[in-house]
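Each of the next two complexes has chain A plus one more chain, namely chain B in the first and chain C in the second.
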Partner chain A sequence: MGGDERMELAIKNVSAGYGRIQVLWDVSLEVKQGKLTALVGPNGAGKSTLLKVITGFLKPYSGSIELDGINLTYLKPHMIKKLGISMVPEGRRLFPNLTVKENLTMGAYFLKEKHVINEQMEFIFSIFPVLKERLNQTAKSLSGGEAQMLAIARALISYPKILIIDEPSLGLSPKMVSLIFEKLMELKNRGTTLLIVDQYVDKVLSIADWAYVMENGKIVMSGEGLELLKTDMLKKFYLGIG
Partner chain B sequence: MRFWQLASFGGFLLLLPLILGLNDYYIFLTTLILLYTVIVMAWYFIGGLAGQLDLGAGAYHGLGAVVTGYLMIYYNVSGWIGLVLGGLAAMGVAFIVGFPSFRFGLKEVWYALASLGLVLILQKIFLLWTDVAGPLERYIPFREFDPLYMRARAKWFYYYITLGLLLITFYLAHRAKRGKLGLYLVSIRDEEEAAEMLGIDTRRYKLVALLTYSFITAVTGGIYASMVGFYHPILFDGWIGIQTATIAIVGGLGHFWGPPLTSVILLSIAEYLRINLGGTIPGLHQVIFGAILITAILFKPAGIGPYLESLIEKVRKR
Partner chain C sequence: MDLLIDFAISLARNVVLGIMMGSVYALAAMGLALLFGVANLINFAHGEYVMLAMYMAYFFSVTLVIDPVVSSIINIPLFFLIGLVTYFLFFKRVINAPPLSQIAVTVGVVVLLRNIALVIWQAEPKAPPFTIFSASYEMGPITIPLDKLFATIISITSLILLYLFLERSKFGTAMRAAADDVDAVSMMGIDTGRLFLLTLGISMMLVGLSGSLIMMYQAVTPTSGLLFGLLSWAIVALAGLGSIRGIYLAAVIFGLADALASGMWDPRGREIILYGLFILILWLKPRGLWGRR
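So, the complex of A and B:
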């Protein structure tokens, strides 16, 4: 990894779990500015637990999480969000009875000035034009793909330093998955720093600048996305080929 | 059109005591129904918007009655001031209970039970606290007509106070619904963790909802005490909270005008049944009331408000 790149998020030697059941064992991970970082691994590897630790919903036993040198480890979730870590949760978790606009307004909670909110709304619509058409529809009336776009938009509107997306392709048709990945590429090209967890290992690795493979609560491999995709182990375990 | 509808409805409410022939008994019953409707409307904050199944209305109602009544009797303090102080006292208790509840994530049935428990605890405290309440009624000094002291023989006086409170509550609830507070509360109700993830201080807004609800509910207690002329720990009545939540659910959980409308209708029916059947076969009026509730929930589980809304929609489309 290049030494002169500005570090964004650094997870250092994190061990965490639920009560006595330890899930994460000495996990270290870095997300660099402007890059797309992927985290892959089988179910139960501890990916979601790691995301909970990063966003402050679960406090680690030991280790630290730093954003540009600021220690986030013991901050509350809303402080972590305020400092610039936005997360799109698994299953989207939209507010079903609120409109698209209201969902976006919720995402812009920390933006106080109206013109900033409007600018960000326009930015969102330039990436996801379909949301502009659906502005006054309730979130529960959206299709799966639209709902995922709204979930991403809701997290993106606050102008985060890092956008974390948990399972963006969950429950979507293959066509919609391709569309979502196109949008993720677009976000990356616009300079958004991304950390993505997904089941479509081949897809996510092919767009990732750097990737981590997690198994049984440990990071077992890391490298450039395309390089990792070529390794035999990954092919065998996650792609079922070779 | 809309203006005339509102104006005629407002006129009806204003003239209702005259329509009832200035009959104190009927005005008293009407005022009671409106008082409980105010509680249903106040519950919109904590239950409808914030989604907490609060059953503790009796605690705040009783507290408002005791504080207002006690100040009127022993310190000759005007009931108007008593209403405010009673409301503040209720907010204090709500804060003491609500802060740890929300801090430690108490919700659903556990929150419901805790809020109901508060009613019983306060009732016991005031039964034993004989300096303030105790097992005997405390009577508020009689005044023929003293609006400054907030005491009058004629019941229409209390009718108009209650009507004013109802309008204020409606206004506040409507503002909350339309504004940011409503947005935050609904998001907490529907997806609490997602709201927290977006940086919403969920505890703070739940507390705001609880405090608003407790204040208004306490004011209803103060008005009640002055109207009946006494207070007693029996006003810490668990039934009030259960009635409020039941009406709000039958009226349409989270619906704006469904619950208060249902409250007026159901409580009127309940009073009518009680007057006409209560004397002949004891308990029959409650059985019938229960049957009405069960029928409503069985056939319209979303509630009366949403059902009427869909009916209105259908008529408009024709």
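So, the complex of A and C:
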């Protein structure tokens, strides 16, 4: 450790796919502690597949996933969560018939001590005060933005080492997208380690410390978020300008 | 005039009986609904486990000389264990499998259990020879047998306890969460294998209890599973998943249909009415009356 940046998550040479259809080709990626890392790329680039591999829902053909030197590659999803990787999945995947409070309770399921859970609840409400007002409403009654906040809160409440967010802006109005990105900035400033996958390339790159660009199942570019934003290739492919 | 009064008394008697029978059926149906709702497991052998529970109630009441109601004290933990064993033997491998594999495996269990029952207990109906609650309670012209009243009270109390468990406990909340989205539950750091195992255990506890209580009403044969399996599926189909109250009301509707068909028409007409009702429900309301999905 020493004065070096501590590495949190390391994905090493991962190849993966569904049966014979290979999707990821020798993907390597790092997420550093306290940093916001972005993963961008067009639809079908393999971003979601990579997240499935990280969270244990898909086992890779080869390569490894390590968190602080612990090999997660062959662990089940619930063990990976317990070791500190929380994910906000695409489409949020809230429990629609459970209340906001019950959704949060599920997020904090493996926290055993009551005072820790209460502290984490207060921490969540300090970031997302609206959830406190909605505590006894069912998740399905929330608006899109509120639901996204609940999904982030549910993943954040277990005090993860890394928070992965898949498409935080999907299906939200531009105003809500701005609000969600403000919240993500706030989390970053509080020291949360983040890995964000998004289609809003310009928005996510402008707040990312480091970013990876994925295409056809391979990492084709990486660099500081703002630097990447300036490159011609990215402008051409994803922003439709230049 | 006398005819009318007789009819009214007979009707009232069968309505009371139907509500009491429905309360007991609700337990068996609830076991099925839990397993289907939480673990997405289509258990065609559910009725066979009810049949087995009835035989065990018979066995304990004869060998230990106890009332079948009292046999539930043994049947509940016994069937919890049977649930755990069943999970590892049969269900673990098919819990994430497509419905067809689940049907194939559980139908295999049907054949297995039915033939085990046939070998051990033969085909003649078996009924417990006695009850400690031989007295009955007179409510005007309607006689309420105390044993059946007691069975009703136990059923309703159990359903209330189950409701409190599902609503108030963390594990119960996880079971409801799994009914919404199983993959998201494992993303919460919850071992879904363990969740399914315990859900099957709880489902089987309900089956064990319902088997003991159904013995208050009728004898058991190796083919009783067919009736109680279909009855459970019919109740779940009528109620839809997601509400204990819905299951209870649907079970009472079937209890009433059962009692009225047997008591007012012809005991042999019972199954015609029950299955006819089942088909009618699937036809008119495939999602159930109170289902949330």
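As a convention for this text, the second predicted complex is superposed on the first by the 239 of 242 C-alpha atoms of A that agree within 3 Å, B and C clash if a C-alpha of one lies under 4 Å from a C-alpha of the other, contacts with A are read in each partner's own complex, and residues count from 1 in each chain.
In this text, contacts are C-beta pairs under 8 Å (C-beta built on N, C-alpha and C of every residue); 3 or more make two chains touch, one makes a residue touch a chain.
Just so we're clear, the structure is a prediction, and the values are computed from it rather than from any experiment.
Bringing the complexes onto one copy of chain A puts chain B in a clash with chain C. In the superposition on chain A, contact of A:Tyr109 is made with both chain B and chain C.
In the superposed model, A:Glu224 makes contact with neither chain B nor chain C. Touch criterion not met for A:Asp202: it reaches neither chain B nor chain C.
Legend: residue contacts after superposition of the two complexes on their common chain; A:Asn97 is shown touching both chain B and chain C. When the two complexes are laid over each other on chain A, chain A has residues 55, 57, 77-78, 81-82, 87, 89, 93-98, 102, 105-107, 109-110, 154-155, 158 in contact with both chain B and chain C. The residues of chain A lying in touch with chain C in their complex are 55, 57, 76-79, 81-82, 86-87, 89, 93-98, 102, 105-107, 109-110, 154-155, 158. The residues of chain A lying in touch with chain B in their complex are 55, 57, 77-78, 81-82, 87, 89, 93-98, 102, 105-107, 109-110, 154-155, 158. Taken together, the chain C residues at the contact with chain A in this complex read 170, 173-174, 176-177, 179-181, 183-192, 242, 292.
Residues 183-184, 186-187, 190-191, 193-201, 254 of chain B are the ones touching chain A in the complex.
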